[in-house]
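In the two complexes below, chain A is the common chain; its partner is chain B in one and chain C in the other.
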Partner chain A sequence: MTVKVGIPRALLYYYFYPQWLSFFQHLDVEPVVSHRTTRGLLEKGLRSTVDEACLPVKLAVGHVLDLKDRVDYLFLPRLVSMARREYICPKFLGFPDMVRNTIDHLPPVIDINLDLYHKRSNAYNFFQTLGKMFTKNPARIYLAYRASCQAHGNYCKELESGALPGELKTLANSNGKNGGMADITIAVIGHPYNIYDRFISMDMIKRLFESGVNVVTADHLADSVIRQEAGKLPKQLFWTLNQRMIGAAYHYFNDPEIHGLIHVASFGCGPDSMTGELIERFARSRSTKPLLVLTLDEHTGEAGIVTRLEAFLDMVRWRRNLADVAATL
Partner chain B sequence: MYGYLGIDVGSVSTNLVMMGEDGAVKHSIYLRTRGKPIEAVQAGLKMMKSALPSKIQVAGVGTTGSGRHLAGVITGADIIKNEITTHAIAASNVVPGVQTILEIGGQDSKIIILRNGVVADFAMNTVCAAGTGSFLDQQAFRLNIGIEEFGPLALQARVPVRIAGRCAVFAESDMIHKQQMGYNVEDILAGLCEALVRNYLNNVGKGKEILGPVVFQGGVAANAGMKRAFEKALETEVIIPPYFNVMGALGAALLAREATSRKKTDFYGFEVAEKDFKAGGFACDGCPNICEVVEITESDRVIARWGDRCGRWSDVLEQKEKIS
Partner chain C sequence: MIVTYPHMGYMWICVKAMLEYLGVEVALPPPTTKKTLLLGVKHGPEFACMPLKLNLGNFMEAAELGADTMVMAGGCGPCRFGYYAQVEHAILQDLGYRYDLVVLEPPEKHIGELLGKIRQITGNRSWRQVIKGINFGYKKAWAVDDLERMAHYTRPRELFHGATDRAFKTALAEIVAVRQPEELPAARERAMAIMQNVEIDEHRQVVRVGIVGEIYTLLEPFANMDIEKKLGEMGVEVDRSIFLSEWINDHLFMGFGRNVRSSKEALKKAVAYLGHFVGGHGLETVGNTILYAEKGYDGVLQVLPFTCMPEIVAQSILPRVSQDLGIPVMTLIVDEQSGEAGLITRLEAFVDLLARKKRFREGLA
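Take a look at the complex of A and B:
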């Protein structure tokens, strides 16, 4: 019987899943992903999380609850740092402990550290420790690691060429088939686990597609572009994800193909409140592009987001038409 | 003679405007929604019909406000538009060159920044309803003052009392405290207006560049005390347009005129007021999302459904319509 490892469809799932999938498959371990977010799943998470946690963490707890009774292990790696001299939000760091202390009857939790902060640290240590739990053969682990890196590289390339993660990919393709109805391009800037989760984002990306909008995100840019843009800040941001958001926002503000930006923050997220402010300041002082700031919380009423999106798109189109007229004069 | 009908179904009030071809308001109606948007729209239509000369013909209908989809479905609107766009369009038609719109309604407040006649930025209040019409209504009631007297009384104030405006609940307790200390009602009311303006400018208007001409509209603009408090805080003149409380509906009518420039209207006629509409709802049990589906029926025939995330209920209806 193959061992089942549960992966919550939350947090950095949207970033690392292809890599983890490939690694586990090469070791004949069966990865099990939690179901898509639903209201029931979110409510379970809200009930079992401490009040101070942010919405994405509460949601991730919901996904853990969804998985815990049907897997042999829970894969909740302790993500400390994804790049040198950068950190992941402390709530990610404490996530495995938060889960262990609030949920009873858990399967064994795999909470190996992924810490690339220091010069000599590398991701192989992480995968080596992980692999040893399932096989004694170091060569197999090494090969699985190589394959997983390749999978991650392919995934990044796919995103850079304009694809969206997971189920959103098919959405984008079907939109393209309808004869390129999109007449404006909007950059959606936000944490991957907010903007790609169709429930939490209230299906924002699909709504945009349906309103004739092309959507681009930070993941469509090469890492080097993002780092270069984020480097324009007087002091480097040490949160990897927020650095990606800032870098992408700066890039898109200067990209003539982009008609407007939407910054998506989640309620209770400390880093978001700061990057939001940085992006807003840039928008006001050094750009003429429209910016919409949306804050997501556990509200299920869609009227608020629909009204703001509609008004924003009206504004973007109105301004673009005016610019078109001006260009012909 | 042609006319364009604009309907704004808000949380507190339902407003209707009949606009002539030239953009002038022929008749406007301001009603309380009282939690029953369908009935309010029907009552408004009845009043509108009896107030208009019989030769006027409706050439287009636009709906807006938080109940815009509902109103659009029952009247057969030519355009259904969000309230930010309609307010901006109405204000820039009434006050050409307007650069800032302050809009305070029953449950929400917004700021719209226009530059060169185009919306450049906007913001709406988030979860906090402090500083909206409902709060003023409630406080006027508590002081046993009609909401109509609120403004004139506030203008009589000599030394406005400082009241904490960060939160409606705290503002209320602060107000009671000041009242028990013996400050007179006029000064408290003026202080309340100033507190709400501070709260509005800090929350909704945060970081926005407010340039004149400034237009103040929405139901709260009826309160002269609020106008003066805004003028004091912004140190500029604040214009209140003649139809300040129905600007959303006027914007919807203007958009309806544009939408019907090349087509005939879909308006079902004033008979809509006599029809039997019901809004029902049920919780779909298809998946753990448990969507609350809203169903609008007209004499037992389902005419619209929404609220389901997956389209299980709303799509079925659309298909049926296509077949028939």
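Take a look at the complex of A and C:
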């Protein structure tokens, strides 16, 4: 019987799943991904976390609960750092322990550190330790690692050429454009686990598609572009995801093909509170593009979000038409 | 150049001593009040943690006193503090304040940068003098901390209500007034004597509570709504897990100081529950809770600002620690809307519980 490893469809699942899936499959381990987010799944997470935690952490706990009774291992790697001298967020550092100390009767938790903070650290250490749990054969681990890197590389390339992660993939056509129907392009800026989770984002990206909007995100930009833009900050940001967000925001503010930006933040998110402020300041002082800021928590009502989205799109279109008319004068 | 820096409890005493000893002109922000908070809330990011808002208010109020150079500590994450200075400076600039910003970043890459920044503030003083100045500040912090510890002891035992607070104020003034390092030991003696003169009932039964949590809210009475005083008056002897001098010793002197409590012990303890540092004092919070339980304290109080990330990690873990070690833990989250009335009710209920448990235990013994 193959070993089943549970992967919560949460947090950096959206970034790493092709790589993780490929690695496990090459070692004949069966990855089991938790179900799609639903109200019920979220409610479970809410009941098992402290009120003060941010929505993404509560949701991730819901996904853990969804998995815990049907897998042999829970895959909750401690994502310390994805890049040199950067972290993701304190809660990522403590997540496996938050889970372990709040939920009883868990299967064994795999909480190996992925830590690329230091110069000499590399991702192979992580996969090597992980692989050793399932095979004694180092060559197999190495090959699985190579294959997983390939999968990750392909995934990044796909995203850069406009695809969307996960289930959203089918929405956009190959170059990410919304058929011939779209008349405006909006950049959606936010943590991947907020904007790509269809329940949490209230299906924002699909709604935008249906309203005739092209959607771009930080993941459609090359890492070098993002880093160059984020390099304009007075001090380098030490949160990888928020650096991506702010770099992308700066880029899209200056991109003439983008008509407006939506910043999706988590209520109570530490990094978002800081970079959100910088993005808003930039929008006010150095850009004429409309910016919509949406802060999500478990009480956010769908109706309110839809109304605000519609009003925002009206404004973006109005401005755009105005600009077109002005150009002919 | 007129230098200012934000408040954090009695930190101003130590930093002012150091800077003025080196001939730097200082404009201290007025004491943090409701008005400071309102300024910070109005102009700061809505979801920023509370220390940022209070810092911002401090800088705005200090500008009115002529300050033109703001000094802040830096950091390399993962918690927000490492980016405070930049965000605060950007906000102040947009508001039209003309502040020069000096950020003292921890010397991770090379120490030269930090030394350069210190030069920027202290001008052409010799390094020998700079080190003497730093040491002077440290010694003051140490003296203040000792006075605070004495107040923690006497407050729940004082015979006359308010005696501790009055003595503490006079004793503190002795330390503040010292301008030369040579005069500090004598002043310290006088201050200690003042505290020793507080009349107490040594045999009074007191409840002992360890206070853990985020450093700013632990050290700044305005932010924690004077929790130490409130608990003291309810007959609680508190022990605070973080003191400024200990922090300086751990972080600036790399734990070289002798006879100083260090956070290392707490960090070792925490590993059983939290396998990685999480920024801020999250790991210390978990470790110190364990230490307090082992030392036989009656309870632990965790204090944190709303949305503080490292402390939320710790908060998620503390119920398990509390259960395993049988020590009651209460979490107090402060933000700009925190009210006094609700706090007192909660504290009283907690202290009541601890006192009852204690009587029960002692009845058994």
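Criterion: the second predicted complex is superposed on the first by the 322 of 329 C-alpha atoms of A that agree within 3 Å, B and C clash if a C-alpha of one lies under 4 Å from a C-alpha of the other, contacts with A are read in each partner's own complex, and residues count from 1 in each chain.
The criterion applied here is as follows: a residue touches a chain if its C-beta (ideal position, glycine included) is under 8 Å from a C-beta of that chain, and two chains touch if they have at least 3 such contacts.
Owing to the predicted nature of the structure, the values given are computational and were not obtained by experimental measurement.
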{"item": "Touching partner for A:124 - first (chain B), second (chain C), both, neither", "value": "neither"}
{"item": "Which of chain B and chain C A:237 touches, first, second, both or neither", "value": "second"}
{"item": "Chain B versus chain C as contact partner of A:93, first or second or both or neither", "value": "second"}
{"item": "Chain B versus chain C as contact partner of A:49, first or second or both or neither", "value": "second"}
{"item": "Comparing the two partners chain B and chain C, which touches a greater set of residues in chain A", "value": "C"}
{"item": "First, second, both or neither for A:142, with chain B first and chain C second", "value": "neither"}
{"item": "Overlapping contact positions on chain A, where the chain C interface meets the chain B interface", "value": "295"}
{"item": "Footprint of chain A on chain C - complex, ascending", "value": "45-49, 74, 76-80, 82-83, 85-87, 89-91, 94, 103, 273-280, 282, 306-310, 312-317, 319-321, 333"}
{"item": "Touching residues on chain B, where the partner in the complex is chain A", "value": "66, 81-85, 116, 118-122, 124, 126-127, 207, 209, 287-291, 309"}
{"item": "For the chain A and chain B complex, residues of the former touching the latter", "value": "38-41, 199, 203, 280, 284, 290-291, 295, 297, 303-304, 306-308, 310-312, 314-315, 318-319, 322"}
{"item": "Complex contacts: residues of chain A adjacent to chain C", "value": "49-50, 52-53, 78, 80, 85-91, 93-94, 96-98, 101-102, 111, 113, 233-235, 237-239, 265, 267-274, 276-278, 281, 285, 295"}
